[in-house]
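To keep things simple, chains are lettered A, B and C as they appear, and every chain counts its residues starting from 1.
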Amino acid sequence: MDATFLLLLACGLALFGYVLGRQRAAAFTARAPSWRAVHSRPGFHGSFVALAVAIPALLLLGIWAAVGRPGPSAVGAAIVLLAGLAGGALALRRLEPSFRARTWVERATMLVLLAASVLAIVTTVGIVLSLIVESIRFFERVPVTEFLFGTRWSPQTAIRADQVGSSGAFGAVPLFWGTIFIGAIIAMAVAVPLGLLSAIYLSQYASGIARRILKPVLEVLAGVPTVVYGYFAALTVAPAVRQLGLSLGIEDASAESALAAGLVMGIMIIPFVSSMADDAINAVPQAMRDGSLAMGATSSETVRLVIIPAALPGIVGGILLAVSRAIGETMIVVMAAGLAANLTLNPFKSVTTVTAQIVQLLTGDQEFDSAKTLSAFALGLVLFLITLVLNIWALRIVKRYREAYE
Amino acid sequence: MSIDTLARVAQNQRSVDARPLMTARDVHVWYGPKHALKGVSLDITRENVTAFIGPSGCGKSTFLRCFNRMNDTVAGARVEGRIELDGQDIHAPEMDVVQLRARVGMVFQKPNPFPKSIYENVAYGPRIHGLAASQGELDHIVEHSLQRAGLWDEVKDRLQDSGTALSGGQQQRLCIARAIAVDPEVVLMDEPCSALDPIATAKVEELIEELRGRYAIVIVTHNMQQAARVSQKTAFFHLGEMVEYGDTSQIFTNPREARTRDYITGRYG
Amino acid sequence: MTAVAAASRQPTDWGHPRLAQRLRRRHRSERLFRAIGLSALVVAVGFLALLLGTMLKDGVSGFVQTQARIDTTLDPATLELSADRSPEALASANYLAVYLRDVRESLGQDGVRIASINGWTELRRRVLEDPGLVGQRLTLWVPVRSEVDQYAKGRIDVGADPTLAPIRPEQVRAYARLEAEGRIRKAFNRTFLSAADSTSPESAGIRGAFVGSLLTILVTLALAFPVGVLAAIYLEEFAPKNRWTDLIEVSINNLAAVPSIIFGLLGLAVFLNTMGLPRSAPLVGGMTLALMTLPVIVIAARAAIKAVPPSIREAALGIGASRLQTVFQHVAPLALPGILTGTIIGVARALGETAPLLMVGMRAFIVDAPRGFTDPATVLPVQIFLWSDDVNRGFVEKTSAAILVLLAFLLAINAVAVYLRNRYERKW
């Protein structure tokens, strides 16, 4: 029997239990001498029965789905349904005016609420565990030091063992450099000044109408999917950048370049930086601004000498978050930065990044246990740890900053 | 020629001038559709501390903010009428609001030192206006401003500490030092003591008395005793109108208007 | 001493030329600063305009298809059709033979170089719609081959050396002849909206990816919305302040900023390799995106719940409601608009996501829209990525057209969020 169908059946059974329980409770509530004699209202009795059906049934269904996937389906289905029916029958027998159905239902609900919020931790643990487990398997084949400090990256494992370069090279330094070069240097060189200045202009100079129009426009920029940016980078920006490189006399200007990917990524991050900066600037008390203006400072002096220094922690936190986002960005670099693991300072050359390699390693034909595919998880682990540190650091700065002005 | 020599000439010119320093004629203010100030006329002189009193929302702070055009920074505010500083219309196109605010300083209700060092707070005005030719001159200005604000002895050993680390009263005196560091002609004070404890209030009041004569001082206060203590002239505002203006002693002992008398005697407010 | 010090400073003469000059310089730098701020904004907005402009320029023609008119006779003999007219028999008839014969007949010997080889599917579609057409004669507009389509749209420059052009000289000649005969037209490209992926651009459409996106997002929504709202309610209304809730908070805030590709790795390692769920399925894609969307919804829902003033809770508790009743009957409904707005924004982000879905293999090449949550499927952004990689230049306009569809879709969704926010949001 299909699992989806079984799930629906269990839910239907629970609904039936709800109706039955509610009816029974409604009956004895009507007979009761006063409403005070009945502890819970009929709806709670109904919910109690429904829970008594659903919990054992769904629990078994979950275990069944997780452990014995194929299994004897008819028997399994019967067990699931029987457990539900048994739970429902037991619950129905307990219903009586003094039964504290509401307390039970509320307790169960609290458990559900708790479980929902614990899922965040489960996800985090799941990420960490799955990355670590696969990374350990990778490091059994390739030494950690080679991975972290090696400068040659060529993960193609040869088909025959006696071929040249059959072992592949897993020195990830060119990838780390490419990631930093594109995400933290080029993209930030575009996004920080443009985002910051846009935020300053919008908050200090723009008229109310202009603000109401331009802010959503910037938000649109933030809502464009990254694959669109990637396509635009590859199709329009990269050729233009290459032309620029050639006209500057750089002969090996590549069709896929760090500059093209970094530029477009920077543009993508602008709204992010500008909204973080806007928050930080708005958190500076109006009294500060008035104080400066009343001294005869111009708006720009007020911004440069008072508001920006006061908002600096918030802005720095925002920039750190932006860096974290940029180095984790995937599609733009996959489509526009290329796959050549170059260790170069030349922005017109092709470099590759951690995320681009992860995609490259895990798509297409693959055997799951090769060092090649496992290396993607090691790269993922490094990426996760770096963004984790950046995020926590940034969030802490931003939080402390907000508290300072509250 | 140094600024000081030139300034002395200006000072001499200023002292022979017997006219009121600032005049306001038929000033109206609207905040959006709200008519917040309805045709107020008043003269401000250097010799006197002028106090604006009246119940909350009576327009006294609104009027105060007209003298250095701080209402310009409020979205939707509109000011009509003529205000002159030394005979110049402050709304005239050739009047530079940056310069106006350097000449007409302001101290706010809540102390608002910048999140910078004590030194940088006081040096802020002279720096942006370029009033000091050298670092030594700037040190000089900072020291004298803090002395005049009566704060020097308390902070001279920790000028590099943050201005926000001072106590509330000290912060407010720091703000006064900051305002007088550019040597304004008028100092506007918008309820400068309402956020302070009684001892800090007494210090600020003493300071106002000391500054009188050098700067024209206008103080908005909701505290009538304070107005009586520090001012020589008092204007009483009610519902956007100036009800009565005169010598402080006269306003408090023998008001001409019934509304003023009711307010002074605590019938409302 | 104070008096001496005070007297030593003199009032400033603002008319002094040095100060006047300085003032002019300050105003100049003020204007400059303002201009720089404005130009930063103009650059950002200009880039958006450039991006949209490029997509429109390249993409609009993707909605237009060049078609050739053929006259065809659906004779049962060539169709290899017996008396059996059951749908199965009709579906497996030899339409290609009829099609090739009639294309040559209608368009000349060069016809097969003009008309798309996949045009026969149009015959099958018509017959399956109306079996009575068998044995009839009918006139059909069929798509032309991609390079002819591109040539017709002026996107191919034959140039000086025709042998290098992607279109052959005889095709150019045949096209000119057919156009003169009135057998060529440009029409709205229905194929693009109704077909799934194909190796030939003229037969490729976005329906498969679109349906895949819908199925995926349905899974995401069904998982992330209830769990996210419940988690937010717990954290905002019931959670005790201790190390565990701190940990949950940090986890959620951090997950909201974890690169999306990491979620893809998680999906690959857990859902595919450990749990053995089917690859390329909307179910797995949706689950992966749900984990990614969850923190966004939790954060938005918490903010919305926090905005409900305590007086509402006190009023409900005061008349004897339990805390759960208070939350579910009073607080949650008031917070709902904010929660929905946050959810829509999270879902819009998930809809545009590509990288994590590549990790769980949602790049299936499918010629039919997926029918269920476990069928192999792809989604719109991944389709865009796949097409953008295709060497066939006919896919350039398809890619841009698909981007236009995706952007329009996202814009519509966001418009709903903005509408909800403006319509229902209250300031307390």
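In this section, a contact is a pair of C-beta atoms (placed from the backbone, for glycine too) under 8 Å apart; a residue touches a chain by one contact, two chains touch by 3 or more.
In this text the structure is predicted, and so the values were computed from the model without any measurement.
Shared contact partners of chain A and chain C, listed by label, are B.
The most centrally placed chain, judged by C-alpha centroids, is A. Rounded to whole angstrom units, the spacing between the C-alpha centres of chain A and chain C is 19.
Computed from the mean C-alpha positions, the centre of chain A lies at a distance of 53 Å from the centre of chain B. Centroids of chain B and chain C (each the mean of its C-alpha atoms) stand 60 Å apart. In chain C, the positions touching at least two other chains are 26-27. The set of chain B residues that touch two or more partner chains comprises 98-99, 102, 128-129, 182. In chain A, the residues that reach two or more other chains under the touch definition are 298, 301. Those residues of chain A lying in contact with chain B across their complex are 208, 285, 287-298, 301, 305-306, 309-310. Within the complex formed with chain C, the chain B residues making contact are 3-4, 6-11, 14, 96, 98-99, 102-103, 128-131, 140-141, 143-144, 147-148, 182-183, 185, 214. Those residues of chain C whose C-beta lies close enough to touch chain A in the complex are 26-27, 29-30, 33-34, 36-38, 40-41, 43-45, 47-48, 50-51, 54-55, 58, 226-228, 230-231, 233-235, 238-239, 247-248, 250-255, 257-263, 265-266, 268-270, 273-276, 291, 294-295, 298, 322, 324, 348-349, 351-355, 358-359, 363, 381-382, 384-385, 388, 396, 399-400, 403, 406-407, 410-411, 414, 418.
Residue ranges on chain B touching chain A, taken from their complex, read 68, 70, 73, 75, 98-102, 105-106, 108, 110, 112-116, 124-125, 128-129, 175, 178-179, 182. Residues of chain C touching chain B in their complex: 1-2, 5-6, 8-16, 18-19, 22-23, 26-27.
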